[in-house]
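Each of the two complexes below includes chain A, the first together with chain B, the second together with chain C.
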Partner chain A sequence: MNRYADNSITTLQFIAIITGTQVSFGFIDIPYELHEHAGSDGWISLVIGWLVTTAASLIAIRLMKGYRQGTLLDLLAQYGGRWAGRAVACVLACYFAIFSYDGLIYSTRVIKSRILQETPIFITLFLILIPAYMVARNEVRNIGRYSEFALLASLWIPFIFSFTLRHANWLYLLPVLPGGWGPVLSTVPHTIYYFLSFFASVFLYPYLQKKERAGMAIVIALTLTLLSFLFISIVCFVFLSPDEFGTIYQPAIYLLKTVRLPFLEQVEGMFIVMYLLIFSIAWIPSLYFFSYSVNWTFGRTDPRLPLRLLIGTIIVSSYFYVPDYWQLIRLNKWLSGFGFGVEYVLPLLLLALLSMSKRYRAEVKQA
Partner chain B sequence: MDLLRLLGIGRRIANTASGFGKRKSGYGYGSSDCISGNLDNDLKLLLALFTDTPDLNVRPLTIRATGRRAALVYLEGLTDKNSINNNILKPLLQNEEDGCGTTSVTVGRLNRMRRWIDIQSAVLQGSSILFVDGAADAQVHGTEGWPQRAIEDPQVETSLKGAHQGFVETLDQNIALIRRYLPHRNLKIKEQRVGRRSDTRVCTVYLDDVANMDTLAQIEGRIGKIDIDVIINSGELSELIEDDPYSPFPQILLTERPDTAASQIIQGRFVIVVDRSPSVLVAPVSFASFFQSVDDYSTRWSIATFIRFLRFFALLVAIFLPAFYIAVISFNFELIPLRLLLTIGEYRGIVPISPFLEAIFMELTLEMMREAGVRLPAPVGQTVGIVGGIVIGQAVVQAGLISNIMVIVVAFTAIASFILPNFDMVAAVRLLRFFMMIGAALFGIFGIMIGFMILIAHLISLESFGTPFGSPFAPVRFADWKDTMVRIPLWRMRKRPVSTKPAELNRQVAHRTEGEGK
Partner chain C sequence: MTAARKLLPPLALLLLLTGCFDRLDMEDASMSLVAGIDVEENGEVYQYTSIPIFAKNSKKKSQSLKVKSTSLRQGRGKFDTFTVGSFNGRKIQVIVVSKRLIETEHAWFRFMDVYFRDGRNPITSHMIVFDGPLSQLYEYTPPNQTILPIALLGVVKSTSSRSEAVKTTLQELHTQMYEFGQTPAVTEVELKQDLRVKGTSLLAHDGRYVTSLDSKESALLLILKKKNTRTVGFSFEVPKELVTDPEGSRWISFTAEKIKVKIRTAVKGGRFSFDIRIRMAAGLMEKQFPTDIRAEQKRKLEAAYSEYVKKELEKLLDKLRENKVDPIGLGIYARAYHYGDFQKVKDHWDEAFSEADVNVAVNVKITDEGSVK
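Here is the complex of A and B:
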């Protein structure tokens, strides 16, 4: 119990971790993704995706409500036995390991393609994993601090993008719903991937200082994510004509080519480097949750060993094999399905099982 | 037999003179470690303790009032002769009628001690001891009068409007200087002693209804754990008790200004005064504390705010500018506007060495000149400026070894690091600059960013006595932003900083509202 109290996180840190993880590479990718499937109406799918995710996240919070002594795994161990907890812990450890790997490879690819073309990927990975290890080996508190700092230090991003609005052509947003609701609705599952990781709240919940605000905090976090996605999508939609869209890779970065500051010629390069701060929130909490799950399974407390193993594996494996862009997309798709199972379905399932178990216990007690 | 016993005691005292914890608990001392009451024996033992101590003065005398034999013992240089002659020897030798005998001495502080270990330490700290034949305890007079300097203007932390008194090397005077600002009975002082040989007094000064008691326990605990022979000054103590010894950043603030110390105490922090050291330690502090200066509170708040911004900007410049120069010249030349690039290229063209070597060479030169300026005596110091300015600044460019732009970068960096108010922080910044330059030379702007992220990762995990060092930036404490980047008007600063976890948060009652007094 004390362990959680000593190292509590504030509501802002909670929001920062969740929003940061979601926004990170979604911000670069989502305009293209939305436009590919739903055209200029993609933003509607985004709003629907947000609604679905909010519901799912409230379920996750509901699951944790009333249980203040530990994380989801402790809760499961209490109701379903140690092995139920271990099973879920293994699934989650896999999930977070893949999630962080995906994030790492994605950012490294972006950096390799735009900044460090000559440097081998494993060196880039090694470099970005140094700060990641320094933060993730600590407790949740430090992850919270890192995330909130990163988020606050990146508040300049919307301003730099608003420079591109000079070239905006608002007519590109019209007509609304040319193909009916069909494409819009079928795009919703594609947005799921970018909302993943709100599930972190089941790990963060016991550390939260003001638990009664957890529901509100997660809605704020998701809304922030939605707003930033909406912002970048609409900025891209009004900047690029529908025909251009298919030909341009990572439009969010492309947009910045038009911005020129008096002291900075190429804002885009600077942006990618500075954006590393946000990128890093994608993998740092996931790395921590991974090591937490592994430790929980084996009943250990020091997060460093699993972290070192995972980080070592990632770096060494990247020396031999790194997924290329198309493989990465396939990995994303697959992860999106996995994530849907873990983050959307699993809490619902657990909640149902839990309430049944509670009711059963109450009945046994009465009898 | 007698000699053996004397030596035995002498050694035992010498051995245990060390651990003050042991001494306080009185562990291991039999009755034989007390003075005997027989003057001759006691003096013999005393001389056995203090062999080869020519400055030890033993003055045998007969107290006129009682007619008993006695001896006054003191160390020559550490005592105030005037006080000994006039206030101790004179009454003892001349006063006739005095019912209570030896109390006729006219000194303020008078103790009685019977254990050798205490007596020995009292002699060494500058007290004078009166042994009276037949008395079971010795009389200890506070006659300290060691060489000391007058109170002067602080040398390192100069200020325009602050007080012109700086701390000196005597603990009691330093505490008096603080007490002058806070004449309040809640100003408490915890005294501890550190150092087996130096037996240095270390006092923790705080306001007991404001400061956080958990932090006090931590500070006391850490000081209590130190077991070292000597600490010479407060910088050593700070290194012994700080949280992360491997961090480049100072985690304890050193100040030589009593007004700064007092204002830190009011904010709920602790001031640790170390005897013989002209600067005191302030803990717990956060990163932002190193960017505050006492002048900020006596200039207009808008100007103070501007200067605060300037300092944080200077921090960024001092750490990143040379690195950025290297990155832009050797890697990411697409980042800067073309015309600027052309200008740089024009000067860089003739320089035969790589930008990294160029930058390292110039930065090292700058550091050497700075160090030379600090170490050289003032009359010779001027030559550093001439040699540095003319020979290195001008000649090196004319010879085509270094580009003009590089000289500008170095000069700008130097100026930026000069405006940071805390010397220790500047030292950390100077060191970090080199790491950033290496990062930039290897990976360009990406290397700088990695350096920055490592810096952030390090800063957020630092703690200063249980309070986060990165506050109020990470963890974000908006309430404390009133006195970090901006300095809001003092009448609005109603609360103390929350980062010190004060027991009493409120500092002033709102006495004026906005617009009042127009």
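Here is the complex of A and C:
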């Protein structure tokens, strides 16, 4: 079990991986999504979604406390047999592959429509994937360091958005709850997708240096995510009139288009390029976990082969076919259902089963 | 051996860099800085553009072009056939529409779609309504040899810094066009003697031209919109009883500072009413009659000034209601505080606004009388 101890990550790295994965495209998309379903009250749904996910994550951490030596898959193999573990590993590998594919295509689509309109997508994708591969082929510790750097290097983002506040009209936030609690509560499931990273708490837990801080770390990570989502949502809500909101995709980028610095035009272009750092935390850890799951299934340890296969497939396939925005949105919807299953229901179910079987064995031993 | 292998990936990357398909060298680009749309008497839509010429020996500083097209994107292709480099609109500073266009084509905002849809086009360009045919504007050479976009931006910036006209960017116009509780207002420019800002054009919710405000009315509108970041000046004649010589000049000028506007809304029997309270500090700038600005006299002057601003605001509000336009955005207040009632009249807010009660109260304090008595 030295594999986990040798690759331990610090609490800050743990927080950075979780927050980075969650924030990534949410930051660009969440204002539109919230406004579509709940109008200017969407931020309330966000707070409720945060409460729900924090509670779920704390329960998971509490359950994981009993199993310090391995990831969920190791536990499953230990208690349910090798094949049960393999089945779950296959499902997880698919999930992580689709999750990273979704993130990659989304970012390249943004670059294509905003910056490099004439460059073919497969070239952009190729350029993005080279550094992604170089990070993801390493161990968890390297991914932790990378995420930490990416998160710290992106702390300027709120400041650039403060330039847009001179257009703000705070009256757009009123009235609060014009349609009652109904729309707000029905939006909560949509927000949960953006808080997905539950895998982190069950997969990264064994690597964590100071396990007693895991609960605190996950609360901090989720709160950071909540704060960044709340920030961008409220900035967009007070900037765009409620009547024009539905006409603008990716409001976060639209907002930056109105910023004009004396030394820099088209601030949003710079933003997208720099934001790739945050975007990349969506796919780099998932690429790693993909190769981890595949390797686990076949009992291998070198993460490079599955990674090369996946990356090669993505690049080659993008030459022939790239999903458009609408297909991506449908994929996102589907992923959010699947993700909910994989990241919330499945681990909780498994952990509950494991703890039951452990108790059962203990009883058998006693008897 | 290992070093060579490590170097391979970066080298491969370098090879790819030439594959960037979006490269555009400055000398191959023709940057449009002022885009214009006009409609001729026969109903045909024309597009105008002005491109700066960077060549040293050129006598003209910019090239003006005119093509007939009903779509801006199609027009771009036509412009391309004229220009030396590849024509693009990524640096457009000003978008000019002629008054005739917004009077006759009431859905003219559709022409702006390309600026929002194409992710690389700017949305910070200034919107200007030109009172006259655009050919007149594009043939005009500014006397001080600057190019047209700089001259246009110059007059807009200098007037808006003294709050004499609204300044509307493309993005602000987008908000105003879509917002149900507000109607758009755009800077109006004319060419008389020289290029000058005439005031503000007020448009209806669908973009149709309704009426214009002069520079004094524009200043008052900016106060009501709470967009008054700089100081604004007022000159008026005081009532006769305040001066010792009723036959002489009664002119006085103030600058208004620290303007605080409070707007309260109420609904009585389906009718909206707005209570606008304005407090401001005034600095005396010019006084053409002798008077002692102390105690009693100061209070009287303050009252006269408040009364003057109040009268002017009421005149403006009557004009707006008569023309059924709400450039202030009082509808936004109505929606925020009386959501249910606003939703009922949302689609015809202009009607509801024209029937609304508006009460204005102005309170002025003279804080500075200058350095002479």
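One rule holds in what follows: the second predicted complex is superposed on the first by the 367 of 367 C-alpha atoms of A that agree within 3 Å, B and C clash if a C-alpha of one lies under 4 Å from a C-alpha of the other, contacts with A are read in each partner's own complex, and residues count from 1 in each chain.
Operating definition for what follows: contacts are C-beta pairs under 8 Å (C-beta built on N, C-alpha and C of every residue); 3 or more make two chains touch, one makes a residue touch a chain.
In this text, all values refer to a predicted model and were calculated from it rather than measured experimentally.
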item: Chain B versus chain C as contact partner of A:Q13, first or second or both or neither; value: first
item: Which of chain B and chain C A:T258 touches, first, second, both or neither; value: second
item: Touched partner set for A:I130, first chain B, second chain C, both or neither; value: both
item: First (chain B), second (chain C), both or neither touched by A:G312; value: neither
item: First, second, both or neither for A:P175, with chain B first and chain C second; value: second
item: Partner chain(s) touched by A:P158 [first = chain B, second = chain C, both, neither]; value: neither
item: First, second, both or neither for A:G341, with chain B first and chain C second; value: neither
item: Which of chain B and chain C A:Y146 touches, first, second, both or neither; value: first
item: Which superposed partner A:L116 touches (first chain B, second chain C, both, neither); value: both
item: Interface residues of chain A shared between complexes with chain B and chain C; value: 115-116, 119, 127, 130, 134, 265-266
item: Interfacial residue positions of chain A with respect to chain C in the complex; value: 113-120, 123, 126-127, 130, 134, 167, 169, 171-172, 174-175, 178, 240-241, 243-244, 247-248, 253-254, 257-258, 260, 265-266
item: List of chain C residues in touch with chain A within their complex; value: 9, 13, 16, 19-22, 90-91, 116, 119-120, 122-124, 169, 171-172, 174-175, 177-180, 182, 329, 332-333, 335-337, 339-340
item: Complex contact set, residues of chain B against chain A; value: 332, 334-338, 443-450, 453-454, 456-458, 460-461, 468, 470, 473-476
item: Chain A residues touching chain B - in the complex, by the definition given at the top; value: 10, 12-13, 111, 115-116, 119, 124, 127-128, 130-131, 134-135, 138, 141-142, 144-146, 148-150, 152, 262-266, 269-270, 273-274, 276-277, 280
